[in-house]
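Report on one structure; see the data block that follows.
All chains are identified by letter, namely A, B, C, D, E and F, in their written order; residue positions are counted from 1 within each chain.
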Amino acid sequence: MAETPDLETVLSIVEELWPASLAESWDAVGLVVGRRDRPVSTIHFAVDPVSAVVEEACDAGADLLITHHPLLLRGVTTVEAGTFKGEVIHRLIESGCALLTAHTNGDSAVGGVNDVLAEILGLEDSAPLQAAESGLPEEGLGRIGTLPAGTTLGEFAAKVFGILPAVAGGVRVAGDRDAFVQRVALCGGAGDSLLAAAREAGADVYITADLRHHPASEAREAAGVGGRPFLIDVSHFASEWMWLPAAAQALDRALADRGYDVSVAVSGINTDPWDFVITPGR
Amino acid sequence: MAETPDLETVLSIVEELWPASLAESWDAVGLVVGRRDRPVSTIHFAVDPVSAVVEEACDAGADLLITHHPLLLRGVTTVEAGTFKGEVIHRLIESGCALLTAHTNGDSAVGGVNDVLAEILGLEDSAPLQAAESGLPEEGLGRIGTLPAGTTLGEFAAKVFGILPAVAGGVRVAGDRDAFVQRVALCGGAGDSLLAAAREAGADVYITADLRHHPASEAREAAGVGGRPFLIDVSHFASEWMWLPAAAQALDRALADRGYDVSVAVSGINTDPWDFVITPGR
Amino acid sequence: MAETPDLETVLSIVEELWPASLAESWDAVGLVVGRRDRPVSTIHFAVDPVSAVVEEACDAGADLLITHHPLLLRGVTTVEAGTFKGEVIHRLIESGCALLTAHTNGDSAVGGVNDVLAEILGLEDSAPLQAAESGLPEEGLGRIGTLPAGTTLGEFAAKVFGILPAVAGGVRVAGDRDAFVQRVALCGGAGDSLLAAAREAGADVYITADLRHHPASEAREAAGVGGRPFLIDVSHFASEWMWLPAAAQALDRALADRGYDVSVAVSGINTDPWDFVITPGR
Amino acid sequence: MAETPDLETVLSIVEELWPASLAESWDAVGLVVGRRDRPVSTIHFAVDPVSAVVEEACDAGADLLITHHPLLLRGVTTVEAGTFKGEVIHRLIESGCALLTAHTNGDSAVGGVNDVLAEILGLEDSAPLQAAESGLPEEGLGRIGTLPAGTTLGEFAAKVFGILPAVAGGVRVAGDRDAFVQRVALCGGAGDSLLAAAREAGADVYITADLRHHPASEAREAAGVGGRPFLIDVSHFASEWMWLPAAAQALDRALADRGYDVSVAVSGINTDPWDFVITPGR
Amino acid sequence: MAETPDLETVLSIVEELWPASLAESWDAVGLVVGRRDRPVSTIHFAVDPVSAVVEEACDAGADLLITHHPLLLRGVTTVEAGTFKGEVIHRLIESGCALLTAHTNGDSAVGGVNDVLAEILGLEDSAPLQAAESGLPEEGLGRIGTLPAGTTLGEFAAKVFGILPAVAGGVRVAGDRDAFVQRVALCGGAGDSLLAAAREAGADVYITADLRHHPASEAREAAGVGGRPFLIDVSHFASEWMWLPAAAQALDRALADRGYDVSVAVSGINTDPWDFVITPGR
Amino acid sequence: MAETPDLETVLSIVEELWPASLAESWDAVGLVVGRRDRPVSTIHFAVDPVSAVVEEACDAGADLLITHHPLLLRGVTTVEAGTFKGEVIHRLIESGCALLTAHTNGDSAVGGVNDVLAEILGLEDSAPLQAAESGLPEEGLGRIGTLPAGTTLGEFAAKVFGILPAVAGGVRVAGDRDAFVQRVALCGGAGDSLLAAAREAGADVYITADLRHHPASEAREAAGVGGRPFLIDVSHFASEWMWLPAAAQALDRALADRGYDVSVAVSGINTDPWDFVITPGR
């Protein structure tokens, strides 16, 4: 009969799927809250460890919340509940729910954020835009690959829009709607640091999130008038949410393979901060 | 009869309007290209010193291009034309067109970017969010003020949208469409560094540009569930373009007051990098 | 009838007694764990937020533990219970006990660690060895003062030993047992940074804790052969424990003055790390 | 007939015994005072280059004083005799006595401070706690090894006390007097930087010097209640003095092997800064 | 029939002669001004990109000016003509003349500044004083070699004086006029960073430029009274000018070998800053 | 009857003449070698604490050598005699001769290096080029003043040459021999950091030492073709030697005024490193 694992056991399986060694040096991944000897029968996945998500997980009786974003990326010297991070920590400990981060290790790993995006978009021969410092050749930040058949930038952007979870802001595109695109670079989350890598890799279009005016403008100028790569700016949340179902399934299977019975769920809360938009087209 | 000033003369009038001493310490403002003894009979204003804008100015026979954004914010050791910044410098010098930057001095000054935004939105009793280190009390970054009559967030966002030049992405809003707002904070361009100042100043809503996921999400969490200030994220370009007509008029008048006859124009080119969007509402 | 205050109320009284503005810039003082709206009917004082102390406080049903030493002096990116600091945080939150630090503010304040030591030793005309950067002249690190009557170093060391709580290591003395001493400098806790200040202030003897070989040896060499100030090295824990009864009494009175009824206790646990010593004299 | 070497010759033999390349990067080892062409017929060994030791060496007509601790670890811009380091330099030069430092090279080398301590305590299979960056596997900081037979912490501490030169403070112990110990880590001098290495190496007890409250307390907390490694805090001076007779003998033999006749002595001065202690047991 | 190359083609040949990878990490070499698609039929060589040199090149109709010294060694945020560097950039772009720097790559390369000096002085078996970090063994800064026959320092200095272009200051010599010299170290331009390398390489005399009082005085003291290496301080300009004819010839040949017809000239302007001297001998 | 002071007494008089508080923050001035209780009957002044000067002072039985340049500007961790600085320290201590530095305090003080140069050149209304951070308005680095009557650059350079002690290199001049000069800036020793200050102060000519190619060339370019200030580059040693007779006299008088009888001498050794020059004019 299937058994309930303890948190320590779940952590060891998570480490196999998304090894901490793949995280960037500035990142803070791994267990943030919780007792390693507690049983884990329910696991919740989400992008952001924000109050609504923590509320949802605790209300659902989750024993472990796994988020993509770290709660404590920069060190804190207090966790008192008057700060929103301290409130989250109090709520989790009071509810007996652990918190675990799989951030840039979850981006870079095989089957991670970028791999899932590349697969859903149907990219062939995809490879990292920036290889992991220590890891396999297929691990690293961003991906570059080729669509089986070329299309227009407008059609491709519509496809990206259709695939991602709906958020108020949709997707923004820089480039000619009718231009032909086939070679695609992408980076889930904020990817302005890979703009040059996407150009040097010969991408027709680069999909990422959180592009501000200056990096986007300088990339467009460096590409030359009307030049490539075009840019598709998507929701940071949406681009990373895509990974959650795949990650949940992978963890579920790995637990089942070892004879554990754990209920795994993905949060349905949209934590994109924007509630509505007003655009010229409306 | 009206006289044509030389560049040195124009510089001295610009210094009175938007003194270099108001610029932030990390900024690079003032004359970037040009000969100070050349006559200036045509002046062009724009947000970004990008190739299309420079082309427009040179084609129009401008003797001076005044932009909000610096071309060389970080020092360069080459200006060869194979880089896009070098190309801009070659084009300007070959055309005899000077380039002048009024950046954070243009933000902070009385009659600068933030003052113009506050006035157009009808804010009363507006004051800087962050006082200038050396300057008058009414100079500094951002503004906070009060609408003559309260309104809903949805109505107010529609008003902001209607006032700014149209760009593909429109405006994004975080908050309840029906919530009441009256106290308004704003910062033209990228204003994430003033998110805490807007909250501490008791703003109902904060208008700025280039808000990424993490600053926006943390600001919403810090505000508490559904709390204030709400956020309106506008186009970086659009928010700063608003200043150009006022700046052009101010310079035109100051020149005329001194008996100079100069033709002053504002660029009509949209240098927001985004060409189209796809949103759920379309 | 006497009322039970909430934590926010207790914090405001603590701030009056030991203002956070007196803390050194590198320090981390104030509330570390807890919810500000919870009632506080029992307060526990201790030097160190270590497991035995936290156990004692939680078992006693304390609502608030006030310690001299910070739990999180350097920022942490995880509070999971597998680290000893995370274990302490879990235990406190699970027990509903808040944690508050009064460290260098508790050292420097009038009625703080150093004032209490000076008073118990009977120093007259005592003043800080290093004035607080912002504060009253009588606030600051360390104290220097004069004994009503001179004595020998041996007699004085015996008096210090007799006053402090007993710890295994006792007190160590550098200097001639029969030398005359009257002017006394002191610094509760680790005070090697004030060795030069004690010499320059003309002290006959300097009492502090945690003196290592090199600072002690260099101070003795700089004093000249057999010179002053002599050194008395006491237990870090013991020197700071002396403050607890006085601090507890001060807080108790301030609460009572405002009509609050709170039970205040001082931990009896010795958190000096040393269990026994073997010395030539035994 | 045996010959008197010059200082240059002695330096070359010292380099073979305790190579400067084994010193830590922050250290300052080698010749500090002296003329390389002077004959050396008498050599004095000591831990600290303090005034009493220099007096003793000069009075004994030593041509060379070899100390473990550097006189000028941090660079000086004056050697005037009003500073105690300048006084030492004047005294040495006026007496024609050279000064040589063998510090962390003397710690790490085979036959160095840590090796001698390990041997005297009877450790078997001892190895460095932290391997030298460039050197043999048996060179490095600290040592870890196993006692031939286990014993109690109390018995072992008494053995350590009995072996080291007597100093006022004796040895301090953290841990249960009756606990069983067999695996021993040690580091002559101040070894708080190796506390984690001792725990990770599975030591039952760690012997070192200059342990302050916070490192000792944190190490005890990290070890868990009553956990290992226990700590034995000894005199910095005493732990390093142990090396002197062995070092003197090694140099004496190496000189004799090359046909040189030099008189080698070890200082008998106790430079531990503490003169007496008062402990509960007295 | 011979063809006119474009600037891009000339750059690729320059890269073969003096590869950018040989430049020091702090240096700024390569193309500074110009359009890569412009034809180059006249090339001008000079040491310094100063106004007189740029005037000369532009008046001569040069399409490319190659200088040893960088115009923009430290990054600039403005090129306005009111600065002398901005004036140079305006003059060059207005005249259609490109500017290229071959600085420490031109020093280190085979056939570079130091090789040319070594050859003209007749040094045999010459090798770099400091090998290039990445490069061939015969590439690097400075050179050391041997004269076929020894001579006196006075005779040798006179030879150096006779070979270099005449400048007001001539050559300054530290050492005995009648001392014998045969092993010669040299470094074109400011070579005080190689003073120790010249001594360690066993040079009898070291020729370089821009020696100030302290480096020269310390080098003479370190050499011992009257010791070696003696110093010959020459004009920075003159020592580097020597390379120009050889560099011009090498580029001319490389262009001709590829079938290009380009006119290559060397500037005759003396850019040593000194106009006249008054010495005891006059 | 006149008395012999001890070194401590001499130091206190030196402090009145050239206060240590006038030294730059990077400088190392004051007593470097010596015992403060020793009698001082003979004092020697020199520019550089080099071996020949120390030899001369010790041979002359000096009790104190006062030099302008520091022996230990950067901290040393050894003074062994195999280094030339250690040799100097050994020689001084063995001879019982103290060493004292009066460097940038000696430059800035009233009656210091720059004042003496200004006076000898006959400058009127002279003031510092860079005011001392803490000090009187007439204290600081460099001087600027006006000649009673204008002259040609050639005549003025000849006058400077005639006044300074003769050194091999003489003086180098940048500028037109026949140009008129009247306003003179000067800085004894290496003064390239004041080149801009001299220009901004409106100097016709700037006299200093150790000017290298780049600072001199950039200063000439910044001045415009043939522009002012012209440059006169003199011997670093010679420019500072000028101060010695005045300094010796000032100290002599101050000692005599207090009833002390001390013999004060100025070294006649030329410590300019250059022995001979070869110039076009010879």
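Throughout what follows, a contact is a pair of C-beta atoms (placed from the backbone, for glycine too) under 8 Å apart; a residue touches a chain by one contact, two chains touch by 3 or more.
A quick map from chain label to UniProt name: A, B, C, D, E, F = GTP cyclohydrolase 1 type 2 homolog.
Computed from a predicted model, the values in this text were never measured in an experiment.
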Any chains in contact with both chain A and chain C? none
Moving only between chains that touch, what is the shortest number of steps from chain B to chain C? 2
Equivalent interface positions on chain E and chain F, same or different at half: same
Compute the centre of every chain as the mean of its C-alpha atoms, then state which one is farthest from the centre of chain C. E
Between chain C and its twin chain D, rotation from the CA superposition, multiple of 5 degrees: 180
Equivalent interface to A-C, which of E-F, C-D or B-E, with over half of contact pairs matching by residue number? B-E
Distance from chain F to chain A - Cα centre to Cα centre, in angstrom: 67
How many Å are there between the centre of chain A and the centre of chain B, using C-alpha atoms for each centre? 33
Using Cα averages as centroids, what's the distance between chain D and chain F in whole Å? 47
Per the C-alpha means, the centres of chain A and chain D lie apart by a whole-Å value of 54
Multi-chain contact residues (two or more partners), chain D: none
Select the category (line, ring, star, complete, other) that matches the graph of chains linked by touching. ring
Beginning at chain A, go round the ring through chain C first and name each chain as you reach it. A, C, D, F, E, B
Which part of chain D faces chain F closely enough to touch in the complex? 28, 30-36, 70, 72-82, 86, 89-90, 93-94, 98
In the complex, chain F residues that touch chain E: 48, 50-52, 69, 84, 154, 157-158, 161, 166-177, 189-190, 209-214, 216-222, 224-225, 231, 233, 235-237, 271-282
